[in-house]
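Labels for the chains are A, B and C, by order of writing; each one numbers its residues from 1.
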Amino acid sequence: MALRDWFPKYRQDVVLLAVDLVGTFVFAVEGALAGIRGELDLLGLLVVSFVTALGGGTVRDLLIGAVPPNSIRDWRYGATALAGGGAVFCFYQSFQHVPQQLLITLDAAGLALFAMAGAGKALEFGINPMIAVLMGVLTGVGGGTIRDVLMTRVPGILNTDIYASAALAGAAVMVIGLALKVPRTIAMTVGGVCCFVLRMVAVARHWNLPKVISH
Amino acid sequence: MALRDWFPKYRQDVVLLAVDLVGTFVFAVEGALAGIRGELDLLGLLVVSFVTALGGGTVRDLLIGAVPPNSIRDWRYGATALAGGGAVFCFYQSFQHVPQQLLITLDAAGLALFAMAGAGKALEFGINPMIAVLMGVLTGVGGGTIRDVLMTRVPGILNTDIYASAALAGAAVMVIGLALKVPRTIAMTVGGVCCFVLRMVAVARHWNLPKVISH
Amino acid sequence: MALRDWFPKYRQDVVLLAVDLVGTFVFAVEGALAGIRGELDLLGLLVVSFVTALGGGTVRDLLIGAVPPNSIRDWRYGATALAGGGAVFCFYQSFQHVPQQLLITLDAAGLALFAMAGAGKALEFGINPMIAVLMGVLTGVGGGTIRDVLMTRVPGILNTDIYASAALAGAAVMVIGLALKVPRTIAMTVGGVCCFVLRMVAVARHWNLPKVISH
C-alpha cells in the first residue's frame, strides 16, 4: 500500500497504482478465505477482507502521523478490498480451485510489496531507520494479525513460520541500502526480492524460527 | 457520539447533547451487563462500559484525523460511560428486571444515532462518502467489537444477526440523501429510521446474513 | 514512559531518561516471559516485548494527539524493549532464577512510573484531569492488555487483582495534588508511592476487587 505516496512525482503513474491495488486485492482474497473457514457471514467476510488488506497500512499511517490514513483518504483501496471479499463470496467454488502454490506466491509478492512500501513511507515521514523497518513489517503483517485477533486466534506471526521475519529482512536490506546511498529503486527492488525469496524458500523447506522451551 | 460536533451552530443545544449522552449511557449499560456475564471485576466492568460506549467513536476520530477524539476531549462522555457501568454494578438486581425488548429497542435507537452521527462527522472532515458510510458503521459497532475482542469472543457482528448491516444501510441512505441535496436533518432522520426499523424487524424475524459453506 | 517529555527543561537529564528506559526494559522482560510461556517463537517474543513495554504509551500518545508517539519518534525506547526481549531469549535459564518477589517489585515500580508519566503527559497536552487519570492507567496497563489480547487471553486487569486500580489511585492522587497547586515533583512522588504501595500490599494480602455475581 501507499507505493504511490512514496513516489510523489509518479503520483499519476497507473502502473504503480495498479501494483498497489493488486496487492490489496490479493490480501483481501486471503482475508475472505480465512473468514469463510471461520464461518463468518457476508458482512463479517467483508470486514476481515478490509482489515486484512488495509489494517497494517492504516495502523502504520496512524503511528507515523500520516492522518487520515491512506485507506481512509483514497476510496480506491477500500473499494478494492471490498471487491476482493465480494469476489470470494460470489465465486467461492472457483477460488477453491486456485492452486495453493499460486496463493502462496502471490501472498509472498504482496508481503514484499507492502513491507517495502511501508518502510519507505515511514522514512519519508522522517521516522528513524530502525523504526522504519518495523513499520515495514507492520504494513506487511499487521492486517493479518488484526484479522486473527478479531477471529480470536493467536496470530500466526507470533508462533509459526518465517513470514514477518522475511518482511523484516527485506525491509532492513532496503533501509540499509538507502543509508549507503544506493538509488531508491534499486534498494527497494533488492529488498523486495530478498523478502520474496526468503519467504518462498522458508515455505518450501518448512523453516521455522527458534523457540525457547519453557518448563 | 459527536452529534454536537456535527451541528456546530447548535453546539450549546442541550437537547442534542442529552440525546448523545443518553446513547452513550445505553451502550455503557450493555457493555457492563456483558462484563458481568463475563465475570469481570468492578474495574473490568468500568473498562468494558467505557470501551463499548466510546470505542467506536474514538477509533473513527483517530482515523478521520479528529484528534484528540471526542471521548478524550470532552470529559462528559467518559463520565457518562463510567456512570452507566457504575449504575449496573450498584443496581444489578434492578437492571436484570429491565425487559429484554426494551434493551433491544434502546440499543437499536443508539445504533441508529451513532451510525448517523459517525457518518456525518466523517463527511464534515472531508472523507469520501463511501468511506464515510463505513465510518458510520464503525461508530455504531466498533465499541462492542473491541469489547468482544477484549473478552476473547468472536465479535457478534462478524457472524450473527443483522446489526452492522442495519447501520450500513442507514448510513448509506443518509449519505446518498445528502449527495442528492436532501436537507441534512431530513437525510439524517430518514437514515436513522431505516437503521432502527431494519434492526427491529431483523430481531423480530430472526434474520441473518448469508454465509458461504466451506467444505 | 515519556518522563522526559514531561520535564522539557530536563530534556537532557540522563537520570530521567535512564529511569524511563529501565522501566521499559522491565516491562519488556515481563512481556518476553509471558511470550515464552505462550510458546511464541523468537519473533513473536520480540513482538510481545515491544508491545508490553511500549503499547500503553503508544495508544495514549495517539489519543492525546502526541503524534508520532514517543515509541516511534525516539528509537531508544524500541531498542530497549527489543533488548529486553532478546535478553530473555538468550538467557532464559538465568531469568528463571530471578526471584518472583523481585519481578513483582520491579513491575510495581514500573507501573507507578508509567502511570505518573502518562497522566502527566496527558495534562501537558491539555487533557481534562479526569481523562488524564485514565490516560495514566492506560500507560501503565495498556501494553500488557494488548499483549494478552494478541495471545487470546482475557486481559488480567479485567478480572483479577489490584493492578490497574493501583495505577488509577496513584494517578488520581497526583492529578488532585496538582490541582491543589502542590509542586509537580512532590505530587508525582506521592502519587507514585501510593500506586507502588497499594500494588505491593494488594499482592501480599491477595486483595481483589469486588465482582457482581450473575445468575
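Here, a residue touches a chain if its C-beta (ideal position, glycine included) is under 8 Å from a C-beta of that chain, and two chains touch if they have at least 3 such contacts.
Everything numeric here is computed off the predicted structure, so don't read it as measured data.
Arrangement of the chains shown, judged by which pairs touch: all-to-all, with no pair of chains left without contact. At the chain A-chain B interface, residue numbers used by both copies make up under half of all numbers present, so the two copies contact each other through mostly different positions. The geometric centre of chain A is 30 Å away from that of chain B, both derived from CA atoms. For chain C, residues that reach two or more other chains under the stated contact definition are 62, 67, 149, 152. Chain A contributes residues 62-65, 67, 125, 127-128, 130-131, 134-135, 145, 149, 152-155, 157-160, 164-165, 168, 208-212, 214 to its touches with chain C in the complex.
Chain B makes touch with chain C in their complex at residues 35-45, 47-48, 50, 58, 62, 67-69, 72-75, 78-79, 88-89, 92, 149-152.
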